[in-house]
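Should a chain be cited, it is by its letter among A, B, C and D, assigned in written order, with residues numbered from 1 in that chain.
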Amino acid sequence: MSRLNEECGVFGVWQHESAAQLTYYGLHSLQHRGQEGAGIVVSNGKRLKGHRDLGLLSEVFANPNHLDALSGQHAIGHVRYATEGSNSLHNIQPFLFHFYDRSVAICHNGNLVNARSLRRELEINGAVFHSTSDTEVIMHLIRRSQASTFEEALKEGLRQVKGGFTYLVMTNEALYGAVDPNGIRPLILGKFRQGGYVLASETCAIDVVGADFVCDICAGEYIVIDKNGYRIERYADSVTPAVSAMEYVYFARPDSTIAGINVHAARKQSGKQLAKEAPAPEADMVIGVPNSSLSAASGYAEYSGLPYEMGLVKNQYVGRTFIQPAQALREQGVRMKLSAVRDIVKGKKIVLVDDSIVRGTTSKRIVRLLKDAGAAEVHVRIASPEFLFPCFYGIDVSQSAELISAHKTFEEVCTYIDADSLAFLSLEGLIQSIGLNEDAPYSGLCVESFTGDYPAGLYDYEQNYLANLTPIQQTYLATHPQFFNKEGQVCQTHTNKPE
Amino acid sequence: MSRLNEECGVFGVWQHESAAQLTYYGLHSLQHRGQEGAGIVVSNGKRLKGHRDLGLLSEVFANPNHLDALSGQHAIGHVRYATEGSNSLHNIQPFLFHFYDRSVAICHNGNLVNARSLRRELEINGAVFHSTSDTEVIMHLIRRSQASTFEEALKEGLRQVKGGFTYLVMTNEALYGAVDPNGIRPLILGKFRQGGYVLASETCAIDVVGADFVCDICAGEYIVIDKNGYRIERYADSVTPAVSAMEYVYFARPDSTIAGINVHAARKQSGKQLAKEAPAPEADMVIGVPNSSLSAASGYAEYSGLPYEMGLVKNQYVGRTFIQPAQALREQGVRMKLSAVRDIVKGKKIVLVDDSIVRGTTSKRIVRLLKDAGAAEVHVRIASPEFLFPCFYGIDVSQSAELISAHKTFEEVCTYIDADSLAFLSLEGLIQSIGLNEDAPYSGLCVESFTGDYPAGLYDYEQNYLANLTPIQQTYLATHPQFFNKEGQVCQTHTNKPE
Amino acid sequence: MSRLNEECGVFGVWQHESAAQLTYYGLHSLQHRGQEGAGIVVSNGKRLKGHRDLGLLSEVFANPNHLDALSGQHAIGHVRYATEGSNSLHNIQPFLFHFYDRSVAICHNGNLVNARSLRRELEINGAVFHSTSDTEVIMHLIRRSQASTFEEALKEGLRQVKGGFTYLVMTNEALYGAVDPNGIRPLILGKFRQGGYVLASETCAIDVVGADFVCDICAGEYIVIDKNGYRIERYADSVTPAVSAMEYVYFARPDSTIAGINVHAARKQSGKQLAKEAPAPEADMVIGVPNSSLSAASGYAEYSGLPYEMGLVKNQYVGRTFIQPAQALREQGVRMKLSAVRDIVKGKKIVLVDDSIVRGTTSKRIVRLLKDAGAAEVHVRIASPEFLFPCFYGIDVSQSAELISAHKTFEEVCTYIDADSLAFLSLEGLIQSIGLNEDAPYSGLCVESFTGDYPAGLYDYEQNYLANLTPIQQTYLATHPQFFNKEGQVCQTHTNKPE
Amino acid sequence: MSRLNEECGVFGVWQHESAAQLTYYGLHSLQHRGQEGAGIVVSNGKRLKGHRDLGLLSEVFANPNHLDALSGQHAIGHVRYATEGSNSLHNIQPFLFHFYDRSVAICHNGNLVNARSLRRELEINGAVFHSTSDTEVIMHLIRRSQASTFEEALKEGLRQVKGGFTYLVMTNEALYGAVDPNGIRPLILGKFRQGGYVLASETCAIDVVGADFVCDICAGEYIVIDKNGYRIERYADSVTPAVSAMEYVYFARPDSTIAGINVHAARKQSGKQLAKEAPAPEADMVIGVPNSSLSAASGYAEYSGLPYEMGLVKNQYVGRTFIQPAQALREQGVRMKLSAVRDIVKGKKIVLVDDSIVRGTTSKRIVRLLKDAGAAEVHVRIASPEFLFPCFYGIDVSQSAELISAHKTFEEVCTYIDADSLAFLSLEGLIQSIGLNEDAPYSGLCVESFTGDYPAGLYDYEQNYLANLTPIQQTYLATHPQFFNKEGQVCQTHTNKPE
């Protein structure tokens, strides 16, 4: 609905007899990153084959024969969030290509900002695309490369694509992983005790298959895993670390660790920082919006000394085929997904902690839910700064028009959602709470949603983005220093790194 | 797996133009009470028709035409847990019968203890049963009754069935609800502001459809709702309130209120009481087993002053078609459903709060999970007494052989699950925490799982139950007073009601 | 559509290790007798279990696990035509009943004429029915019988039901087959060379499983097959052979033999007889309506010396999920199912042979099809008499209103279907062509559709039937002798047996 | 099994408000040309969209929403036979491509003989293929063309592909159809009376949608249909008509007319010619193998004066999900698909007419079937010459190893199939019976299966073909003149045209 959607999750295994099964379990723990499609391709060293379909992983492999048929020691897999209009089997990954000289499987997390122009240029030169997915672009770049080896051709391709991304590429000879020059999207290497490797979008997937964490693949790097072990190299000429702050704030699972920082811990610390910056001393209790805001809420409660209560219950059985209530029933009070616990909240002054406000409609609905259940006051506390700017690096919010904070002032938002008070965490507070401490702008975080400062540039999106800036966005940009230019280069010395 | 399973949830609507849709949403909020089958029957005042199938509600009605086809102002619905061997469409409720003189739909929550003997007697007299479900029995009793009205025949039938149960019965003229003579299973009446009524197994379902709570249907009562409004009467000669304690401890949703007591509040209070009875002063943090033990864990944390942390993460996408990992992969460390958060628990002394220990295998697995993730110590605290005796009133634990506490002493259980310490909440502590305060044995709770004291008697189960008592169970029974006899009658003055 | 539909086909195997598989193949060859549902129940001597669902046999068992799961040496199966309004899984056979003392599976071909009154009487005495199918009635009769053995109880039940029927009944101890007192519906016994028996609605099913024909089960008989072999007995007090003429004319497969007469041979002879009774000397060719009328057409061609041509082609891929063209497209000429071969029929005078005219709409459409394709003349020849009276013994034409010949004279029908000439085979001609030669009315055929003479009586249908007789029907009845009364007894000496 | 399989059928509509529905019905009548996959793409003049899947047409569109969603006035569709190993959704047509400047849908019937070399050359130049289908090749050729218009680019592409083929290509502006330079595969233009056009693989599809025949698209021609009407041009430099004889002998529906010759009429004439060339004077009856040989059998019967009987019955319900009997059951006599009619054939001398013998296993099985049913003698008569050479133009027999006549002499084949006698129609007899009478080798027929004379050349298949010639094939080639060389050019004056 009005929540954010991550584009994808990737997972790969090299050298394990149950490669497809492990990929299934790894992808399963990444299901929160994409619920509209899934697929797995395996290699037995001689031949690649795969299965993919629309739906949750467990639906795609509902017939266990599909998984059983995927025998081989190597595998890559993908879960996917389908962007508007592209909900077609064509776009489900991994893509599998059979050339006369080699077979290649490829999958991708994130979003390219120059895919459209690359694609048009390729088409003008005779390329035939079969999907509408950005992922296909790099395959064409690789095949048209004059480089003498597949690895060199891959590097050439990686240097041409811009944005926030990770790739997994598998041939019968090797498994490759690659990360964009800012490290916006995470990719982690794990190792099985008995040998064999795993690559995944989050550490939770490494844990779930019983592998041990080895290292992150960092900004601008790629990894090759083959019969000789693994080797990590940098393909990008220049790199500037800028890990997506939204991975910590909202997307990643609380049990994952990104760039050395545990997600639950970062969220809990954000909640404490929020309680420090924006206390609510007269409140009776703290309630978090399940499930992504519970860590921050418990941090807020702990710092503030207020009791932490379960005032909202999330219905866990709302699946894809769930029939939404018609407008008339919604107006009459039929509520799915979230229920307020009347006997907990009745007559109480509540601190409601949420991770972010995007369109504002969800927050408005939750405040209303609590007040309908008898809450005396609802003080909304958001564990991240105002969401002011669209995202083009793999989050499904690419239009300023969708962002309430790009159109309304802080006070107007408070009025709109009908809260008794509203506070956002400061940018500095968020950066400190996460505590990445890289020697880079924003301590190494990608915080473009809060600042309009795009570390990987805008490219194909620039024209439309600039044409649609709202007065609030223009004012923000005019009064805050920017560290990156439109091609994503660091364009000035950054001095405001929080100490 | 090794968790408890409730048999069913029921929901009914009388006089609302979207009766089937509301039943769908009501059942949806009761999905935790049964995930193996679902069905809805509607009446338009002239004709009953229905749809039912195996699977989650959203699967049963995955084709929205099935719901759209159910037009009518009255409806009853059912979600069901399929007991072993009976996983057949035949047994999915509501049952719908078309007689020459009347059509009747019926559904049922709970379990009868004299169904087998009633059924055999009916078969000897020529009855033909089509399901293996207890629910069908009362239909035969009603049809063979010589009573002059349907309501009288229903009352006759209700007087013959023994156990813990609620029934919903619908004809084109009226909707009936009935509760067993101990009120073991809950049934609640709600009302729409614009008119029309709703009956449900839990108040969360009343809330979710935007209706207002009216009252509980109490022990031994039935309700008739028809064009003249509603009327509640008692059918049972004698009643002794004994509300299932396990509804508070484990089954019900935290936002439901049973017999006036909110479930989350009862659980949180149990957690506080547990912290008082069994402190763990040197621990670093409190962790609850998601999702049913989070309330108790936060209570324990609040009372003890320890931080409440998210050390276990539950994977929310484990559905029916999920492919379980083979033994070899499990041994290698592949873990689904629950993950421990390494960066939270590593090196820490943990209080692990859970609601109950049934077979012990789950507890053992979770302790192992935490220690594998680096936990220094795991102190297990259970927010209910030892689960000593089987249940025959609608919980899927009817064999003493399944209960670890019936076979092992407290210390042996601690060793088995490999905890650094183990404590159970006292019976008195549980009774006080729930705080029902009825003038009845155990303050009006049904605590047979902890005491072997069966308020509705044993009937068909008696012989097998007695033949399989373990020494631990025998010792318990010999040293604790019992208030009910084998037919469920109060057989001695109860004096140990906790003050 | 406007064609006749048979109610069902039955098949059973006793003592073969692949009982379920053989039943699958046997039912498959009987698929023409019912396409809306199918099921198989097996016994391994200890336990009965089954699978059944809506759809073609290959759809019901599309998942081969369903068939593989049916292990056992004995089996019965059923294919079914779903009558209006009863298209529900409840009614798919075989029915499987588990009683405390015995399990019973039962399936049924044909139709009872006193089911409604039996059912009401049973319900008044407390019986609970679960299906709307007639088949369930006999199960209640058996269970309420006071007879000392199952076989005696079955006989008591058989004596109470009236109509045209065959039953298969299976317990863990024996397989029973039974035929109505007129032998209206066929049931055949076959034997495997290596031992074991088979019962089937048609001999084609005996052939298809590689068994040898043993004998027909005759009017009023039942068979018991058990570990001692088989035994055939008569249960009916009086029997009068009256084999359904429509089995020869339309329903049965041409490769089946009923009561000793091959169906193709009977049809070809009917065609020859038709050519003799109603020649068309100036015609250029003979065309049959595929597929049921091809035998008669080739007989007509052979007798008349005219060439037999393929002027109509039937589309063999019209399945259940086929999307029918909307009215606008039909008017524009979109034609499914049957196509006329323009280059064959253009400018030609055609003899069109069909097996029967029921509503007249199909005949009208085919004549139109041929003329649109350029046929100069279409002379319709029907290889059976005028279809004047409804059928109540297992054919889906139970309303006089549906029968064009009950409402229009011969000349009016010819005009309605726009034929250049029209002729029907005489009743005598049909009886002679089939050549059954039993010493019974109509030589032992059931020809009620042509004569209104119902060998098994009318019972529950009588009142409505009499109230709706058309003038044409009344005239026919007034001018032709009737041999059976309303209870199906032979009420006068029959003398008009064709010699 | 051992029968021949045609690759595909195509159908297109230009300018009709029910374009998708008509394409559905058109494809339905072409279902015999391909049963493994189907698809439809529509255009509303602005946008192309489609649906395709594995299975029969009625399965692909089982959910009617899929067809309803295809709104637009133009459409193309495809039914497909899946060649070994390529049974994947990727290969289901029509293919739909969205380029930055244009969208294109394309589908294809037949087989290219130079696809592999074209594909490799394209891949070496950077092309990325997504399917294993030949159809994709021409899209790449078109996109890489430097021609100034789409039509010119299409012509360039057509000139590069070799083999037997028809293409349908649709953009938002026009519908194109094209036929190979020999006209091996048919493509027919039809017209709706109210305006609008249709293109189809067979005339039966034109008839079925109520359109009128306009003309064949001939060898080396293409057609453009757009808002200005239609225009037919020749793209090939040189053309030599060579219509596939197997379309007449086996593939096409009897009600279709190819190159002016009705298929049923050609078959019946072949049967008469066969009776003339190879009489069986002592036989009792003629039986055809259903369904493709019934026309020839009736011709044989008519010429010989023997009765034409239905001695074999085909089971019409054998679908894709049908479970085949295991070997043990087959040996025991379980027979699906075809049944012999015992009461017809017992003791009789039979002429069995079939259209062709490919592997010989089917013929052997049918002879056995008839003898098992009691036939005294079986004289096999084949209504085409010996099938000596593989086919590369769209029939699924591309290995000499599969052809019994390439390995066994006439007498050995007779012995192998256990016939009492065997005869094949002569090549001259077949050519005369079809009666095409073009001034070209073999009167304008493509008879490569009987002669090894490949009118469209061999290209990529040549090396393997020559390496695997059997002695019988070599002898034939050495003793018979060949008219075409390996590139498909006419290489010598043909003089043996039958008069």
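As a working rule, a contact is a pair of C-beta atoms (placed from the backbone, for glycine too) under 8 Å apart; a residue touches a chain by one contact, two chains touch by 3 or more.
Given the structure is predicted, the values throughout are model-derived calculations rather than measurements.
Think of each touching pair as a link: the shortest run of links from chain A to chain C has 2 of them.
Farthest chain from chain B (centres taken as the mean of C-alpha atoms): D. Centre-to-centre spacing of chain B and chain C amounts to 51 Å, using the average Cα coordinate of each chain. Rounded to whole angstrom, the centroid-to-centroid distance between chain A and chain B, based on C-alpha atoms, equals 38 Å. In terms of their C-alpha centroids, the spacing between chain B and chain D amounts to 64 Å. Along chain B, no residue makes contact with two or more other chains. Chain-to-chain contact here is organised cyclically: the chains close a single ring, every chain touching exactly two others.
For chain C in complex with chain B, the residues that touch the partner chain are 89, 97-101, 119-120, 123-124, 126-130, 132, 136, 139-140, 143-144. On chain D, the positions that touch chain C within their shared complex are 18, 21-22, 24-25, 28-29, 31-32, 35, 56-59, 61-62, 64, 67, 192, 194, 204, 207-211, 253-255, 257, 262, 264-265, 268, 291, 294-295, 298, 302, 307-310, 313, 315-323, 325-326, 328-329, 332-336, 339-344.
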